[in-house]
Amino acid sequence: MEREHNFIPQSTPWKRRLFRIIFKADTRLGKLFDIYLLILILFSTLIVMMESVQLLDTKFHYLFLSIEVIISLFFTAEYILRIITIKNKKAYIFSFFGIIDLLAIIPFYLSLFIPITKYFLILRMLRMLRVFRILNLLDFMNDGYFIIKALKSSSRKIYIFLLFLVIFCVIVGSLMFMVEGHHPGFESIPQSIYWAVVTVTTVGYGDVAPTTPLGKLLSVLLMLAGYAIIAVPTGIVTAEMRNKRQELELICTRCGNTDIDDDARYCKTCGEKLQNH
Amino acid sequence: MEREHNFIPQSTPWKRRLFRIIFKADTRLGKLFDIYLLILILFSTLIVMMESVQLLDTKFHYLFLSIEVIISLFFTAEYILRIITIKNKKAYIFSFFGIIDLLAIIPFYLSLFIPITKYFLILRMLRMLRVFRILNLLDFMNDGYFIIKALKSSSRKIYIFLLFLVIFCVIVGSLMFMVEGHHPGFESIPQSIYWAVVTVTTVGYGDVAPTTPLGKLLSVLLMLAGYAIIAVPTGIVTAEMRNKRQELELICTRCGNTDIDDDARYCKTCGEKLQNH
Amino acid sequence: MEREHNFIPQSTPWKRRLFRIIFKADTRLGKLFDIYLLILILFSTLIVMMESVQLLDTKFHYLFLSIEVIISLFFTAEYILRIITIKNKKAYIFSFFGIIDLLAIIPFYLSLFIPITKYFLILRMLRMLRVFRILNLLDFMNDGYFIIKALKSSSRKIYIFLLFLVIFCVIVGSLMFMVEGHHPGFESIPQSIYWAVVTVTTVGYGDVAPTTPLGKLLSVLLMLAGYAIIAVPTGIVTAEMRNKRQELELICTRCGNTDIDDDARYCKTCGEKLQNH
Amino acid sequence: MEREHNFIPQSTPWKRRLFRIIFKADTRLGKLFDIYLLILILFSTLIVMMESVQLLDTKFHYLFLSIEVIISLFFTAEYILRIITIKNKKAYIFSFFGIIDLLAIIPFYLSLFIPITKYFLILRMLRMLRVFRILNLLDFMNDGYFIIKALKSSSRKIYIFLLFLVIFCVIVGSLMFMVEGHHPGFESIPQSIYWAVVTVTTVGYGDVAPTTPLGKLLSVLLMLAGYAIIAVPTGIVTAEMRNKRQELELICTRCGNTDIDDDARYCKTCGEKLQNH
């Protein structure tokens, strides 16, 4: 979710005005546009959801269909206008939000040929992220960035952890297959791995459960392991969050360092005494 | 749960005496009143619970009803007395506890017209919070405030996290609907979202579970994600609690160390004698 | 689990010898006694477990019974000897381990009159805690004390948290009763509270699950709440453990202070420079 | 997963060349060998999994069998070559990876006599750990070591915790057996202990669930306990991870502050220039 590269509006006045309305939220019209867009996105995803409900679809099929067509055409027009009004077209198209904007309309045209793809329209929800950003819900965005950053900087450790976990589940699942092999739910190793993951993550659907005493003993061991192992990702992210905590909040007036802990009295990069203490 | 605004008792002596009994717990009578009130609240919620059990209700219907009427009338009288004896009536009525006191009696009168609303009487339990406060269970209240404070100061991050989680579940649910669409439990997108939330939060009822191999693979991925994602709220709250602890802590005037225990007389990092002891 | 008060052995030589064997583990015989005791305890609990299995009980009923009688008589003899050989009899009888020792034999005699109480013999397992202590598994005991201490010092916050959680579950359960009232599993408020606890703690048996759309929506909200709320006890205990961490490891050579953080360079009580840094 | 002891290659040139290819990854051929090995391992485990699926096995039985024979023979040849080319044969054979390499081929030969042991071939997955190491995925290995180290140094506390938990579950299970004894799922104490572990770890299959009101009350208490207890392993591992992070960190020579970020040039508490930069 990198920031958009600076899109310099073109010289034509109406393009410049449209650009401000569509891309920015610093005018009354621009703000209104964003708010209506947010409502439209929510409404659109709601329609997609309701369409999937057999009962509602049979009753309101043509209503849903026409709303969908109208919204999709509107989003298409909006996407085209975004491309027209922006100067650095290529940067926009391949930016994070440019791709999201495209993904919000493609499924509609695709569904004309392959009906099932219609439900990908739900990806429109991701457009909400843009609107939040534009509406200057700054504190909320900061918290959002904070969570994403903490996850990013701990992601490699989380991947390694998940890899260990998967290897562990594969081995435990195979073991369980040998133990409970002929009982329902453990008919094959992939099935047993499915059970192992359901158990170790403490989800515990219960659609597959051990029936032999030995299988139950193994389950108990696996559950206890899962109960202890859950501490690992928690420990990783907690340690990382403690590190990331205050990064956005303080700034050194001399060197501009913003990576300042909340208990710091001197800037760690230039040694300047921090005023706000 | 802000502290009550200072309610200056009126000049009439009996009002002043009643005020001390009802609102304060610094006299023997005031304490007794609070203790009996606590018992009455607990007893009242128990009656509401038992009334909902068909078997007990058919047997003791009139007993339950009469107890309920008596307690409700008592609470009404108490509420009226509270308003009479207090000077700053408006402040009380719109305070947190004033609203709770009102909510504890409204459902009774409402249930005379709409029977089902009777069960809202369970909200009386919230009155327990007042009694705890009045009985000067100070340490307990402090711990309670500590938890609420830590949750409050991390609430915005938690909201953002839950928003991300909901968007994630909506997208995963829709994907699963396309994969398992014609199997029981995945008949519509809302249903599939329900399944996604049940899975990602590791609740795992098992009333909806995937049946196709591809669906099971997706489930496994979602479970592993949920197992890792649970680290996020934990990390947020833990960091916030650590912070809240630090706010109450001290600082060394020589080296600026803030990691000082309550019983420390010398700074542990530079050996300086601490002034504030 | 306080340490036993110093039991001065009586002057009779055989009593003194027996005392060392039974209560201490610093002689070869004393150590052997403790090891055999540990094995006997484990064996005894295993027998109780197997007795409860219908299939095994019908086959080996008399074998189990005779083993149980022998072990119970041995434990009784041991308990009597403990009382005889120790000087401060009263302190032993009412100490933590004295009560455990008694609880290990009472159910046997009680079961002669009320058969079901036989299964309380499982409480014998708690005797294992004594043997661990006596066998000088010091590091393990320290870790055990560490966990208990951290839990103890955060217990008040945990209680408050659980109280909040119970009030929350009662209110949510009542709400759900009004929404799903006539569906199986939600027949009464206590039943619905049971469901609320099963859901919020992410256990999710699935024996009770919502069936109406509104009920499912409420469930989803409750699950998300539970997923976030689990961060609270974790945060409390983590903060407490960080505090308790190194208490047993360092000591100030001047004032004997043992409450020294691992990053301390000076003693916080007397300001002495710590040697081990 | 200790590092392999230094294996000095023998003087014969072809042995030296083979040694570099098989054991090291610093030549183009050595790297290729490792990559193909990784693919072969993954492919081999996939075959074992698919063999366990009845439907696939009946169709492709002979294909699976021949692939398995070829891969197993290749792994055997590789294992023999490893022993031949290495000088310190004994150290290799009894090293962590030496045992893994052996475990990857034994089940094949064993399955000629006892067919079910074939599925132990899944242990081949563990060989992936070696390949990761050799391919110099250094950052990933470091993170892996970090997780393993943090788990190792907190393992004793985790064991103690699990021991407490098991004793707790045995006692709660026995209690529940007395309460729900004649209801399905609670027929014996071991069964009830299985239920207790399923509940306290928040797995909650639902294959065993209480039916009596008293049983449900006990369950609710157990769930709340489990919800709070999960904080213990999390707290242990988080504290340990924080510690492991600190070990790699720096110290200010003036004020003794140890909370120094990797990119700090000045101490954040006293403003001192840090020497080690």
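We just call them A, B, C and D in the order they show up, numbering each chain from 1.
In this section, a residue touches a chain if its C-beta (ideal position, glycine included) is under 8 Å from a C-beta of that chain, and two chains touch if they have at least 3 such contacts.
Remember, it's a predicted structure, so these values are computed and weren't measured experimentally.
S.K.: If you match contact pairs by residue number, which of B-D, A-C or A-D shares over half of them with A-B?
M.R.: Copy of the A-B interface among the listed pairs: A-D.
S.K.: Do chain B and chain C face each other with the same patch, meaning over half of the contact numbers show up on both, or with different patches?
M.R.: Answer different: the two copies use largely distinct residue numbers here.
S.K.: Using the average of all C-alpha atoms in each chain as its centre, how far is it in Å between chain B and chain C?
M.R.: That pair's centroid distance is 29 Å.
S.K.: Between chain B and chain D, tell me the centre distance in angstrom, where each centre is the average of that chain's C-alpha atoms.
M.R.: 40
S.K.: Using mean CA coordinates as chain centres, what's the chain A-chain C distance in Å?
M.R.: 42
S.K.: Enumerate the residues of chain C that touch no fewer than two other chains.
M.R.: Counting only residues that touch two or more other chains, chain C contributes 161, 190, 193, 202-206, 230, 234-236, 238, 242, 263, 265-266.
S.K.: Name, in rising order, each residue of chain B that touches chain A in their complex.
M.R.: 156-157, 159-161, 164, 167, 170-171, 174, 177-178, 181, 187-190, 193, 199, 202-206, 209, 213, 216, 219-220, 223-224, 226-228, 230-232, 234-236, 238-239, 242-243, 246, 256, 258-259
S.K.: Write out the stretch or stretches of chain A touching chain B in their complex.
M.R.: That would be residues 45, 48-49, 52-54, 116, 119-120, 122-123, 125-126, 128, 139-140, 143-144, 146-147, 150-151, 158, 161-162, 165-166, 190-191, 193-194, 197-198, 200-207, 230, 233-238, 240-242, 245, 262-263, 265-266 of chain A.
S.K.: If we count contacts the way the header does, which residues on chain C are in touch with chain A in the complex?
M.R.: 202-206, 234, 238
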